[in-house]
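Shared between the two complexes below is chain A, which pairs with chain B and chain C, respectively.
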Partner chain A sequence: MESKQTSMVKVENLEVFYGGIQAIHGVSFEVFQGEIVAMIGANGAGKSSLLKTLAGNKEYRSGVISFMGKPLPTRTYQFIEQGISLVPEGRKIFVNLSVKENLMVGAYAVKNRSVINERLEEVFDLFPRLKEREKQPGGTLSGGEQQMLAVGRAMMAQPKLLMLDEPSLGLAPIIIDEMFEKFKRINEAHGTTMIIVEQNAQLALETAHRGYIMKTGKIQMEGPSQELLNNPYIQEAYLGFGEGGSCDA
Partner chain B sequence: MGYLEGIAISASINIVCICGLVILTGYIGLFSMGHASFMCIGAYAAAILTKYYSFPFIIALLIGGAIAALSSLIIGVPTLRGKMSADCFAIATLGFGEAVRIIMSNISHPYFGGARGMSGIPAYMNLGWALALAFVSIVLTLNYARSQHGKLALAIRDHQDASELIGINIFREKIKCLMYSAFFCGIGGGMMAHYYTYMVPNVFNATISNNLLTSVVLGGVSSVTGPAMGTAILTFLPEVLRFLSNWRLAIYGLVMVLIMRMRPEGLLAHKEIHQPIVQLVRFIRSRTVRSTDSGRG
Partner chain C sequence: MDMFLQQLVTGISIGSVYALLAVGYALVFSVFNFSNFGFGPVMMLGTFSAFYAIPLLHLPLLPSILLAMVVAGLISFLMELTVYRPMRKKKTLKLYLMIAGLGINTFIPNAAIQIFGGGVHPFPSDWARATIQLNTIAVPRSDILAAVLSLVMLAALWLFLYKTRTGLGIRASSLDTDTAGLMGINVNFVAMIVFLLSGAAAGLAGCFYGMKYSVFPNMGAIASKGFVASTIGGLGSLAGAVISGLLLGFLETMIAAYGSSTYRDLIAYALLVIVLIFMPRGILGKGMQDKL
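Let's look at the complex of A and B:
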């Protein structure tokens, strides 16, 4: 899909450190409104650090990040008001709260009761399984259901930019496909811009419009997903179409 | 009867203090080792108001609680800001507790009486007041815990990062919980002052803080009535075991070890005492509603 060329996130020369260790080396990229962008790369490539920085959960040493033409807010909790939301790696469900309470906490910044109920219905419509388990504590859900809840919780704030950190981690393959279908649906229904960080490169690129390949804190390659999927180097390094023939993903 | 009444009043005072600490420790997950200091501040404030300015008892208690809540900002603002860990808070409160006790011992102003303490505080406290205040505290705290504030506190305890990412101002929520807890400890301190009619700063030492913390952990996390029951047990137990003379503290310790061994999350973790009753009432109501529905149909 050719994206509407309205810039949403613009990152220039971003450098992020953990103590003395540099995780991101001068990364620049741009995400446009309404598109799904996949970030692919091995462990330690800096994908998660990038998302955390964009969500305000990690401070950066240098570089410029602008969101909808404005600089990022200073405090983490203010990011959601601007419309930036991150579904963290490992889901981080509130295990002691019920499914509904988890969602209600997600709508923390919304004061209007009817808006909250409307969004609650939308989330239950998207994930009917959550409706079934409305009163159950979050900790008793299966991995897939917890991921649905984590996405639903983020959707309660109706973000403009939804970032997903390893949404397939530890899920059964059938659930993973379902999840990514839902991401497409959210994107189409609300025009939500998404950045998906994924190990499952094949699936992420099939879902996304564009992709970035990260390696050791730098962006190695970028382009429309179809192009990346057909690139022989990427096929070999990330999609498992090596010398030994293809292996099932 | 006077003896039993005395224990009941002590237990009620502890319950009032616990109601505050439940929110801080059981809900948002911050451990305080110095909440006796807020009791101390509340006690002195209330006692001075009733003794020297002849304020009505309840107003003095409330003002004492409010002053304790405000003073909690002194420790809360610097330690709960930013990414400071909960351990820092625990250690800072330990220091704060000692500091308040020592400052109170050294105020030579005649109202305070320094290390000799205050005496001649009007004896307003009786069993009726004690039980009423304990009951009101429990109801208020249950409501607080059930409200959105309580849910946010639980969310922060579960995953601080995730709650910040969904837009919760963690600092504000923590301060809110701290002030709430200090308020109730302040009231508890005021009750104590008007019960004993005499107090020295050394009463509010680390042992009291530790006992409060123990009751909350023993009673159960994310429960209000559990810790309330826990503190009642811990207040009565040493008295019940008094016939064992020197062995009673050993037995007291053993009971605590056994409870924590068998119920690591506390006696009533995530539950409330009245829940079975509420469920029963709901069940009966749903039965009657159904029967009237079927009657209509």
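Let's look at the complex of A and C:
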């Protein structure tokens, strides 16, 4: 199945350091156009570092990364023009800017006014709550609304590759489910390729087509989501099924 | 009453100089979280460019003020380019950027004394010195010009920051430079605009200060009053900078008029310390996130 798909991101032997500490050890993987990929792993497994590197927010020491067959741009602000968008961990919305202004910042790389308005409508369509709070400062939104805003802001650039760093962090379960439904909807409607980094492995794998398991800066396992969900080791280590627990996934 | 009105006009004109300087500090602080202590020399060099352009190029007053703004803006940007940007790239602590600024603040005026000489000169505009009679009080034209042009500059700055795409980029950068970069905002471009604008404000303030007092290599020392105002107003807050700049100018003038001019600086700095003790974030600075 993968052979006929077009490659979007290809990472080979990536090594990333924080000062003297190595966060990513020779990681290689590939993401294909139109798919949702989940990156699962514990805290400190290197998932966020990987996303930051792909978004141009972190320098890497060695390795080769290509995006749609070309090398990555050199400056952070150029990544979004290429179609790479990151919804950062902790959402990082601009608290003093209004909801609408936050979205406009997301469209900063877009010059065409009517395209911006079109996308604004799309985002409000996807998250009607944002339309209601259009004029409110981003900082006054609830956690769930802030996550909607962060995703909406990224959507304004109409990315080819949308990367989400821990989108479920700190949200109520019902909001999380709604959020992941939206991710599927975005993926189906726009064909947006996605990499979702999550500690909520169950949900991420149920949403994604494929998954990677990261541990201490390396990729430990990979495969189609269903396979990973059914894997006894993963069930025990990441899905919270205790020994002898039922497994009706 | 006439005396009060007279002092009020003086207060507003010196206050608008402080407000412009304070806004210059606030602009840089809001985005980069440090104060450009090389700001006084920026103001001085801008003023000197007008000082020389008027007699040498026979430039009229308004174009020479514009020239001072452009020169000051460029010098401010040059500081960013040659000193602050390389230091930021090396992830230097902000404290060291401010120490470098203090170095600039001493080095440039001393270099200026070598080049321009240490003399104290009047600003070469007879038009600005002339007074106009408003009812019972005589107001120097320079005071009116200072108040009007400062207001125009501040209004233009507000429109730029709040009504344009680049202004939005600057405001986003002031809240979170890292995320702004992710959104496609070129932070170095933002830095250029911010340093140009803050320099231009200093150039404008310098001309008015020169008209009111005189033009000399150490005139940049007055920028410290702008810093006091921007701190009292809340570092990085533009509204706070304008309000406390005007307030400081008003207060100083009243103290000089009804008390003694020797108390002027005493009061300004005492006020700074008192405000910092009770409101460490200044009058309008509610927190680090409350900027622009």
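The working rule: the second predicted complex is superposed on the first by the 240 of 249 C-alpha atoms of A that agree within 3 Å, B and C clash if a C-alpha of one lies under 4 Å from a C-alpha of the other, contacts with A are read in each partner's own complex, and residues count from 1 in each chain.
Convention: a residue touches a chain if its C-beta (ideal position, glycine included) is under 8 Å from a C-beta of that chain, and two chains touch if they have at least 3 such contacts.
Computed from a predicted structure; not experimentally measured.
Colleague: Do chain B and chain C fit side by side on chain A in the superposed arrangement, or is it a clash?
Modeller: clash
Colleague: Touch test for A:Gly106: chain B only (first), chain C only (second), both, or neither?
Modeller: both
Colleague: Now for A:Asn96: first (chain B), second (chain C), both, or neither, which partner does it touch?
Modeller: both
Colleague: Between chain B and chain C, whom does A:Tyr18 touch in the aligned arrangement: first, second, both, or neither?
Modeller: neither
Colleague: Check the residue A:Ala157 against both partner chains and state whether it touches chain B (first), chain C (second), both, or neither.
Modeller: both
Colleague: Once the two structures are superposed, pull the chain A residues common to the chain B and chain C interfaces.
Modeller: 55, 57, 75-81, 85-86, 88, 92, 94-97, 101, 104-106, 108-109, 153, 157
Colleague: In the complex, go through chain B and note every residue touching chain A.
Modeller: Residues of chain B touching chain A: 148, 151-152, 154-155, 157-159, 161-170, 222, 270.
Colleague: Okay, in this complex, where on chain C does chain A touch?
Modeller: Per the stated touch rule, the residues are 165, 168-169, 171-172, 175-176, 178-187, 289-292.
Colleague: Can you check the complex and tell me which residues of chain A touch chain B?
Modeller: Within the complex, chain A contacts chain B at residues 55, 57, 75-81, 85-86, 88, 92-97, 101-102, 104-106, 108-109, 153-154, 156-157.
Colleague: Can you name the residues of chain A that touch chain C in the complex?
Modeller: 55-57, 75-81, 85-86, 88, 92, 94-97, 101, 104-106, 108-109, 139, 153, 157
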